[in-house]
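Chain nomenclature is as follows: A, B, C and D, assigned in order of appearance, with residue numbering initiated at 1 for each chain independently.
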Amino acid sequence: MIFIQPFFDMVGDPVLFLQVIWEGFVTGILYSLIAFGFVLIFKASGVFNFAQGIMVVFAALTLVGLHEAGVSAFVALPATILVMYVLAFSVERLVLRSLVNQPDIILFMATIGLTFFLIGFGEFIFGGEPKMMITEELLLPYDSITFFDDMLILQEIDIAASIIAALSLVFLALFLGKTKIGIALRAVADDHQAALSVGISLNTIWVVVWFISGVIALITGIMWGAKSDVSFALSIIALKALPVLILGGFTSVRGAIVGGLIIGIGEKIGEFYWGGLVGGSIEGWLAYMIALFFLFFRPQGLFGEKIIERV
Amino acid sequence: MFYREAGQFKTTYISDQELFPVKQDRWGILLIIGFSFIVIPLIANDYWLQAILIPFLIFSLAALGLNILTGYAGQLSLGTGGFMAVGAYSCYKLVTIFPETNVILLILVSGFFSAGIGLIFGIPSLKIKGFYLAVATLAAQFFFEWLFGRVKWFYNYNDSGAIEVPVRKFFDIAVTGPIATAQTRYVVVLCIVTFLALIAVNIVRGRIGRAWMAIRDMDIAAELIGIRPLTTKLIAFAISSYYAGVAGALFVFAYLGSAEVEVFDINISFEILFMIIIGGLGSISGAFLGAAFIVLIPILITNLPRMLGMPINAATVEHFNFMILGALIVLFLIFEPHGLAKIWTIMREKLRVWPFPY
Amino acid sequence: MSEKKAKDRKLDTIPKLLLDHARERGNRPANRLKNFGIWQSWTWSEVAEEVRDLACGLVKIGFQRGDKLAVIGDNRPRLYWSMVAAQALGGIPVPLYQNSVAEEMFHVLENSDAKFAIVQNQEQTDKLLEIKDRLPHLEFICYEEPRGMRDYNQEFIFYYKDIQQTGRAFHSINSDYFLSEVEKGDGSDISILLYTSGTTGEPKGVVLTSDNLIITARNSIDFDNLTSSEEVLAYLPMAWVGDTFFSLAQAYVIGFCVNCPENPETVMTDLKEIGPTYYFAPPAIYETVLTKVMIRMEDASKIKRSMFNYFMELAKTVGIRILDGKPVSFLEKFLYAVGKILVYGPLRNNMGLSRTRLAYTAGEAIGPEIFEFFRSMGINIKQLYGQTEASVFICAQPDGQVKADTVGTAYPGVELRLADNNEVFYRSPGVFHSYYKNPESTADTKDPEGWVATGDAGFFDDEGHLKIIDRAKDVGRMTDGTLFAPKYIENKLKFFPFIKEAVTFGDEKAYASAVICIDIEAVGNWAERRNLAYSGYTDLSARDEVYDLLQECVESVNADLARDEKLSGSQIKRYMLLHKELDADDGELTRTRKVRRRIVAEKYAVLIAALDDPQQTHCEIDSQMTFEDGRTGTVHANLQIRESSTIKSHVQTIAA
Amino acid sequence: MERKIGETLLGVEHISLSFGGVKALTDISFNIREKEVFAIIGPNGAGKTSMLNVINGFYHPQQGEIHFKGLHRKQMRPHEAAVQGIARTFQNVALFKGMSTLNNIMAGRNLKMKTNLFWQALYYGPARTEEMINREYVEDIIDFLEIQAIRRTPVGKLPYGLQKRVELGRALAMDPELLLLDEPMAGMNIEEKQDMCRFIIDINEQYGTTIVLIEHDMGVVMDLSERLIVLDYGRKIAEGTPDEIRGNQVVIDAYLGVAHTN
């Protein structure tokens, strides 16, 4: 009974409901971004990159760290991008290259190792304590717009985040569709031989995808950092990308986006309307439960292809 | 070099399928057991027992459990921490509800709760495989972290939000609680771990163990020779979680003494996963080797620099620990995916054919 | 002691011994067979029952006293039992070589007029069926392994177990039949019929009585103080007297356990598992083991290799002295102990000889370095000299008096004498009864007083050890009257890895000379290591460097010969390296790679003439040869002849 | 030989199977009789393997049904097929790479082993007895297939030919009534093929096992099988004894037809 009550509340106060959905939508977008970078890597190299979440934090920390070290924001930004490239490059050289043709599960565990390394490394360089994202320096808006006489409040930063996210998605879609490397990249996803015929070595492709998802991580990091502060606590939240993937399917960009929104909105609603009833802050696991629930009906995810097993 | 196998022939299948068919191995293992039961309690000081040996044994147990699931049955799990938490908290509740009952018994019983939970979270494994499942197990991790943190009943509404281990006696020797000596707790843990390890070995080398490995190596073929995938996987989940549960209970009752749910956060799940990767997937001894390895790293990072006269602060140790762990995992996966256990077997082989190279 | 003797007198047949063991040590293992992954074991009492059931079964299908029972197959307990079963019924077992073809079997089966045959498997059965209709006597065939025998439903073919089945039934009715049959047996009864693969002509059936075997066995057991706790591996052909003696006679007299390998391919692994305490092998096997060891060590790390070499060197000096009970310094003792942990122990373990107290080799001369290798690691390997006609033992080396080049002293109960052509004669309790259905050759070999001619020539060294030098008929005299034993010298030459074959000439000649064939692989390697380019065999064997290499070998052989006053005269004065390998296709070798001395002599008469003529230093030859592809052609070569220095015998100088 | 053939063991009736749009099998029917050696031949991609997959419940046909030992069934899980006594080897060896030869074959005994977790945990009493009994059974197979030497070798390390043997052993360990062999001789040399033939015949005669085999080597098929069907493009184009098939024009075309050759 008590679990039905919330539905009436939603109808009762649609504006508030809208607010909740908006909140969810924004987080959802961030989830989608992480998941997107993830799908990119998975499609291109078959690697289930557990470290994607950490890359977000790592990127953000690098940016802030550099700025703290006195580098101006607009130097720090490209510098960070460079760092992300170096990261992608070294990951390909030191890890992927030596693990090629290993079972996927091995590669997966390797990325967990990578995660730990990055956490340790990051904290060692930038220290463990939380930092503020340099929102102003990056000229990101931080006011808020209100509607329905202050009943519905939208943070400009959130709007910006959504726009930037959307833009970067569009940009990437173009990149994948139009550029030679992008095409090769998609080819790899289907068939490694095909990719080689395009004339780009797998290794280059891997570097590229890891770099791209590094950049996405950076974008995500900035957005997220603007909402909360930047610390490795984020990495746990970043893990939410995983249920998003289960939902969307590892191989589908669309899935990543839709899944992200579903999870984001779903868990906000759940938290806001039901969380209180069971002790609060159920965000931590609700996403996973939602994902699990979905799995029972579509084991391959919403947009993943069905696998036909052969013997 | 020490092996003299000529003349050690088997006239029955029973002797042929002994745990350690080679006499020299039997002696070796007896030596180790004897040493850890008799010598260590006599010579080891509290620091060694409390800081190294007890956690080592408890982690070994947890790793053993995870290795059954991941190493033998091939089902990757990231939820070990969650299952340990279930064990710990159910043990805590049991101890408070049945104050009179023998605590060691209760510790063993509390494993069954996590076994049950393991069953439930194992059900998806029928439909989903590999990474999907791994992610699913994260659900367990986060759910229980939340549950035991939020629902006060589990920690008896303590203001601290932590569970405090009460003193429980066994033949009026305190085995748990503040006044229990490290020696006693060590011996208790050792007994339980040895016992459960033996059981694990037996299961693994029997029908069930073969079914697990069959599912792991080639699930389709396994099903076609009449192995039921779901039942087999569920048994793996149940037993694995039982071990995790008991380990969790011991972790609080024989090691920490009091704990909040945070000690069972996702990092412990990863650490235990690392133990079996480094120790060796699909190997009982691997669980112990891996646990030893990972328990020792931070201690080395703390002590080595100090010995060299350049002590480093706790935070840095923590950071280094993470980095080194991460790096090691990658290195092991690259150079010896079968971990320390494999390295050991290779060494053993070398000893057996000594002085020949192969 | 005396009542032991009395008891021994009563236990004068193998079946009686079996029953005795069943009583005395009923639960101790008698046989093991590696099968289905483990060592299936039978205790003495179980064996007694198995044999009883089989014997009774055989009776049911008409086995009578004096009947011959052919036994064909790999070493299998059941086949051994069938021999004993036959003996229990007063019959005579006739083991055959399991890998000989039907035709070869035909002669033996016909000559022995075997009425029954117990064979291992389908393969052997098929061989018999091939020739059965030409063997009127052969009535029944019994197979041990049912695999593939489904469709063999001829009424004269039986399954081993079925026979035992009927036997068990028979025994349950007249339970004392078997015992009484065994009791009828007597030491003078014929115990077994063994066919010697005679070097010339058809094989002859050697008849041995129970006394022959059992008394010799008793002597040997005292000689080497064997106990009932020995473990042996029976892997040599059952038709060979040695196996009969070790796996049947000795085993049944003292009561130790005989183990049978899973199949011929697994012998080495099975050997390692069993770890026999008492082991026999022909020199060839020891040689292969040694080569395997060396090859495997080649791939070992540098440190390991040098360690290995160091300790093997040490062992050569110390180990053998320890084994012979000679004094060694404390330091040496200590180092040897270290070596035992690091090298000898593990090595023996890998060879499966960890527990070996006593090992024998016989049949042909064994290379001194092979012999030393094993002894130096503390394996007490000894040589014996024997033959079927003697129930194996004629001479053997007593512990502590072991030399590479003698076969030891006269065996307990054996009398020896040398004819003036140095042929060895012996007389012993083991001397065979007769050649089956062949009185004349019996008479030729065995004189009325029971002296048997071995056909081997030899002499005693100053410690009274017999030294066999050659077949008596091949031993010649040189013009100065010294013995010339070609085989003996050739063997010494062939012990060098560089020499594949050697043929020596000296009978009725002023000096001995040799035609030598190099071993292309050994010399080839040697050449490569000196990056000495060569186009082929002919080219290589003509090289001066090679000649120099071989010179050393020849001269060391000469030095060796010089130590024997009787042979020192037969040192090799001139030799040449043949331009081609001796080849069976060219009729120069037998198919078993034995040199056809006469043919070689004819074919290369020119060369021999040249060798005999001190003036010539070279010699032209055109010789027929067959190439790999079977084409034949003539090869022309101009061969160099070398002088090799000879040493004046010390013995003579001392004498003078 | 014909005499020992009994009545129908497995009946396949109007089976059609398709993946998405792709038709793998179209209206296939045939009967397999007890104790016979039955061959399925056809060019690559003719649907032979799919047919086996349908028989042992790995694929579920959209139409048609299968009856085995009299009882009809439309859908069944593979392990149910195993329980009913259908064993199977695979075109590309599907062994448990991490396990030794012995354990692979022991795994085949899984269905026959019943002791509960409790005894398993103690590895004593019933559990151990059961283990030993089945070990004996397995050793029998090892001996039968002449693979004693590789008993303890991890199958991953074995040469292809031996792996196929081990896989056959694993199937035998289930002591099946119907044995499906998917190209048991693919990629073998002459001796290995001869051995395999011998084994198949012995299995059929000694254990009286009914055998369905897919094989490309026509010689082998003609020697071994009593009857065979020919598939082409998922359709049955012929059925009969080897001699009948040899003469069959349709078959010859299917094989020599330019459309597709192997």
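Convention: a contact is a pair of C-beta atoms (placed from the backbone, for glycine too) under 8 Å apart; a residue touches a chain by one contact, two chains touch by 3 or more.
Just so it is clear, the structure is predicted and the values come from calculations on it, not from any experiment.
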| item | value |
| --- | --- |
| Shared chain contacts [chain C and chain D, defined touch] | B |
| Chain pair, B-D or B-C, that carries the greater number of C-beta contacts | B-D |
| Farthest chain relative to chain C (centres taken as mean CA coordinates) | A |
| Distance between chain centroids, defined by C-alpha means - chain B, chain D (Å) | 41 |
| Rounded Å distance, chain B centre to chain C centre (Cα mean) | 59 |
| Whole-Å gap between the CA centroids of chain A and chain C | 80 |
| Distance between chain centroids, defined by C-alpha means - chain A, chain D (Å) | 48 |
| Contacts with two or more other chains, residues of chain A listed in rising order | 309, 311 |
| Sequence positions of chain D contacting 2 or more other chains | 58, 90, 94, 135-136 |
| Two or more partner chains touched - positions in chain B | 13, 220-221, 224 |
| Sites on chain C touched by chain B in the complex | 32, 37-41, 231, 272-275, 296-297, 299-301, 304, 307-308, 341-343, 345-355 |
| Chain D partner contacts - residues on chain B that touch it in the complex | 13-14, 17, 199, 202-203, 205-208, 210-211, 213-214, 216-218, 220-229, 235, 282 |
| For the chain C and chain D complex, residues of the former touching the latter | 35-37, 147-148, 150, 262-263, 265-266 |
| Of all residues in chain D, those that touch chain B in their complex | 56, 58, 77-79, 81-83, 87-88, 90, 94-99, 103, 106-108, 110-111, 113, 115, 117, 120-123, 127-128, 130-132, 135-136, 170-171, 174 |
| Chain B to chain A touching residues, read off their complex | 76, 124, 127-128, 130-132, 134-136, 138-139, 142-143, 145-146, 150-151, 220-221, 224, 266, 270, 273-274, 277, 315-316, 318-330, 333-334, 337 |
